[in-house]
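In what comes next, subunit A is part of two complexes: it sits with subunit B in the first one and with subunit C in the second one.
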Partner chain A sequence: MTPKGYINDLGAESLEQTSDQFLGKGVKKLVVNFNDVQYINTIGISIFTSIVQKTMEYDSTLCFTNLKKVHRDVLEMMGLIKYVKVFKDEEDALSFLSEKR
Partner chain B sequence: MNKKVQLKRLMFSIESLVDLGQEVSSSKELTEKMKAALYVMTGIFPVPTAALFLYQPHRKSLDLLVEKGRRDKTKKKIKLSVLPEYTKRFKMNEPHSVRTMARTAFFRQNEDLFTLLQTTLFIPLFAKGELVGAIALGKKLGGAAYHAADKDVLRVIAHQMAITLHNARLFLELAKKASENKRLYTSMQRIYHDTIQAFAAAIDAKDDYTKDHSYRVASYAVAIARELGWKKNDVEGIYIAGLLHDIGKIIVDRNIINKGEKLTAPEISEIQKHPQVSYDILSKVKFPWKNIDHFVRHHHERLDGKGYPDALMATELSEGVKILALADAFDAMTTDRPYRGKMALIDAFQEVMNCRGTQFDARITDTFFHVLRKELSGAAKESHILPHLQGVDVSGFKGLA
Partner chain C sequence: MPFNTLQDKDFFGRQEELSSLYKRALQADSGAAQSVVLSGPRGIGKTELLKQLFGLLFWKQDRVAPFYYTVNPALLSVSAFSKTYLIRFLCQRLAFEKKEQALFYHEGMSLDGLTAHIKDRDLSWAKELIDHYQRNAADPLSALRIALAAPHRSMLMSGVPVVVLIDEFHRLQDLFTEGAPDARLVSLFEEPISFRKTPHVITGNAVEIQELPVSSCLERIPLQPLGSADASARVLSLLHANEGEVNLPPLLLRRLAGNPFYLGCIGRATSAGKKTGDNAFWDAYIQEVMEGALTLFWSSVLKSFFPDLGQRRIALAISQRIQHSSDALSCQQLAASFALTDSQAEAIAHKLYLAGIIRGAFGVFRATEDDVLRDIIDCQHKKEILAKPSHDLESELLNTLLPEKAELARFDLTLPMLRDTELVAAQCLEQLGKNHRLDQDVVGQLQIAVIEACINTIEHSRGGERKIYVSVVIDGNRLEASIESAGREFIVQETGEPFNDRDAAKIPGRGWGIKLMKRFADEVRFEKTGRGMKTILVKYLDKSARVQLEDTITRE
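Presenting the complex of A and B:
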């Protein structure tokens, strides 16, 4: 998934819906690339929280890549980081996931 | 948590409250507004699942308004039962731990739904002492407990959300009342119109020859006023004036009205009293339209000052009076009278044109025949004149058009 711009309103719910669809179809590995994300507020955190929770319930792996420091700090402060795998870029994440059974 | 992180969290909470303020005061529709507020709230702690309910006093239930994070969405209609005695036990805008509520009848009655929504905290929302809604919050991500500081923030948020729900309810109640008033107004307006039409029919019934005369005059007047670009309310006013213009005829002897031969001077004098009597009757009625009494009083006036009852000159006549005068005279020409048969349309047209500028206003006359031509050619959206010319020979006029 490649969210873009400001993750600060209900428009970002589409991210949660997309991840719901993947998880519902049995997808076990999800990657969110934050490269084009400019801003995340509480609504964004709330949406990522639901995604993280559902990924855990489906026993799937969630990877975050290309996180800017400011976003990483927020996600870390809110306690989300410990439930996801963080990678520098998509290539690293995909390499990790290809090794993971 | 070290002090730096604590400070960051605090700053984030403050920013979140600003976000919440923006969401609840936005012009969005209530559901969208409250959903955004719920997302802001659940982003602060953070919480994966939550639901917001709206209290329905007449159903004594908290109905699900918005929610987030629930995996199993098969159950659509979610309502928590709230008997009035429960509401008294709720602490206003206070987070209640569901564990401590386990023994209450409220919890037992709604246990299945609390389980479905994975509720950990239940916050009843009160504004001005009245229950307006509730929030059901799930566990925090990772299952950590809600701390005292979290509950402080929740109280602030709950207060804001309660006020928003309260205001929305007030607005909805006002909108409902406005809609009810509008319905009543429309209904009264219909009764009013029906009553006036019944009066008009009673007036016309006095004259064997002029059945529906008032109705036709009203229709012709509407056709002219609309073409002249009158406002809707003023058009309605001239319609009512048309229906009631001859109400003064109730004092005129029926034998004079229906006399098949030339009237004597006293009889003419008697019949010419009717506009004044119409005015005397209608000036006592507080109509929602302007100048009804003025229109009916002067509908027999002429531009050249030879009309009655006041022999006014052209400059003293309003547009409404000029419209009514033409509509009245045209209908007299195109219907059977005790002393002659109805005129062909071309003859009525010639008669009106002969009096254009002396009896009838030129602009009003031209407008009337313009509308009639449009109706005859099928170019008019609605017909106000043509349907009333049943039995009138229109062929000559058509050729002229």
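Presenting the complex of A and C:
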């Protein structure tokens, strides 16, 4: 998944719908690439929390890549980072997921 | 009135505090009022607030009698204090009874004179108080107890609660019976202060009051500095000018840090000068720091703590050293630098702490955050210790201030409250960061804080004008963003901190905004303005750079 621009309520809800569809189809490995994310706010991040929760309920793995430092700090402060795998880029994430059974 | 107060039109930025204290005072009627201490640095406006409270209680209601007393350093023998305290209480209490202002001016009369004055009135409680005092006047401690209990006894006998307002309360630590001051005498206030129908509102030197035994019985109400709009209005009122006609330079406004006394000094000095424009204000500031009322004020504080000239010179030199040290200094370091024993250095540093000139009470001392005080200490140090001529002092002070003046860049945006409007402010910051070659991470952090501040502002906005006013100022090593709107109040007036919004807390993710602002900005302040509410976010560019460096080292 490659969200773009501003992760606010709308941006995050759209991402939530997409992840719901994947999880509903039985996808066990999700990667969110933040490369094109310019800004995030706390409302958007709170919706991310429910994405993380659902991923855990479906026993799936959620990876974040290409996070700017400030965005990583926000996720860390809101306690989200410990429930996801963070990688420098998609390649690293995919490599990790391919090794994961 | 027994004292001068500012007119309503000149009393800026304290209406909320005044109203809150007034409501607290009226709770004495139901026996629910608690005694409080107003705290804050010198010049923040504690005395003026107390006087305004007295005026309001005296003229605007009949339920609770106000009693105002300023502790006079010349009347600190227990006998003199007790007698004056009782006479002033009775005069003001009788004045309140009949709303007779003339009675204030009878405060110099004797107890016999007062007895004669009330003999034809139905005031048995007052006669009984005077008789009780006179029967015990030979024993100073009994007389003191009776005087301090007078407001409470009058309440029991007349049924009218009393609010006791005491200014310069810290001076009571010098009360004495025979020669030497006995700080324990002030403990006799503990009982009167505890009564809920005769609450006390006290103020004075906050640091010294904190060290008195009664301080634990008092709820502390800190007074915040004036917000920039009120601070500017305070100065302009002294110039009889309106906003827009004359503008106080933002850099100077920040230097004065919302301190009403400092603002008043600069306003009066500017008004007396002949120049116009920014230079008029800067000239007034320089003159005030060199030899004006500001300097006189701090010099008199220093003199009162260090009457001996030799000690005062050492104290000034130590203050100057501490003001310019980036680290806290221990007594041992000060002793070594100034060829003193540890105990001499400790005694001087402790007095400087009590005077409010430095911070730190546990043997390690650091500078206050008061730029005006630092300028005054520098100037006095150069004048009195280094014996530099006046024109050198002026040019050196100008050199300190001018580089900051030159680097100021300000951008103002007015944004409609539309969806995602906060992105306009964030993008403005981004471009500003590029223009001024600021660290991208620093700008990114402030962007997050500004986005949250804008969202907060929109959430707390109230009808009418649906606009957000964003200002960004780059000033030397300081990047400041302020976000203002006609929002309803969302801060607790007594602490300056946001209150918990229960409704907002129910919405997922809300409640994190202020935490994020505090995480990513070096300073976060909330001010009430004429327009509504303003959130001010400050990022120190050099500090942030240091943090970045530390982060990098930690990661490595």
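The rule we apply is simple: the second predicted complex is superposed on the first by the 100 of 101 C-alpha atoms of A that agree within 3 Å, B and C clash if a C-alpha of one lies under 4 Å from a C-alpha of the other, contacts with A are read in each partner's own complex, and residues count from 1 in each chain.
We take it that contacts are C-beta pairs under 8 Å (C-beta built on N, C-alpha and C of every residue); 3 or more make two chains touch, one makes a residue touch a chain.
In this text the structure is predicted, and so the values were computed from the model without any measurement.
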item: Three-chain arrangement built on subunit A, subunit B and subunit C clash or fit; value: clash
item: Which of subunit B and subunit C A:Lys68 touches, first, second, both or neither; value: second
item: Subunit B versus subunit C as contact partner of A:Ser46, first or second or both or neither; value: both
item: Touching partner for A:Lys54 - first (subunit B), second (subunit C), both, neither; value: first
item: Which superposed partner A:Tyr83 touches (first subunit B, second subunit C, both, neither); value: first
item: Partner chain(s) touched by A:Pro3 [first = subunit B, second = subunit C, both, neither]; value: neither
item: Interface residues of subunit A shared between complexes with subunit B and subunit C; value: 8, 41-47, 49-50, 73-74, 77-78
item: Touching residues (chain side subunit A, partner subunit C) in the complex; value: 6, 8, 39-47, 49-50, 68-70, 73-74, 77-78
item: In the complex, subunit A residues that touch subunit B; value: 8-10, 41-47, 49-50, 52-54, 57, 73-74, 77-80, 82-83
item: Contacting residues of subunit B [partner subunit A, same complex]; value: 5, 8-9, 12, 15-16, 19-20, 32, 35-36, 39-44, 46-49, 68-69, 71, 141-142, 144
item: Subunit A-touching residues of subunit C, taken from the complex the two chains share; value: 420, 422-423, 426, 441, 444-445, 447-448, 451-452, 455, 507-510, 512-513, 515-516, 519-520
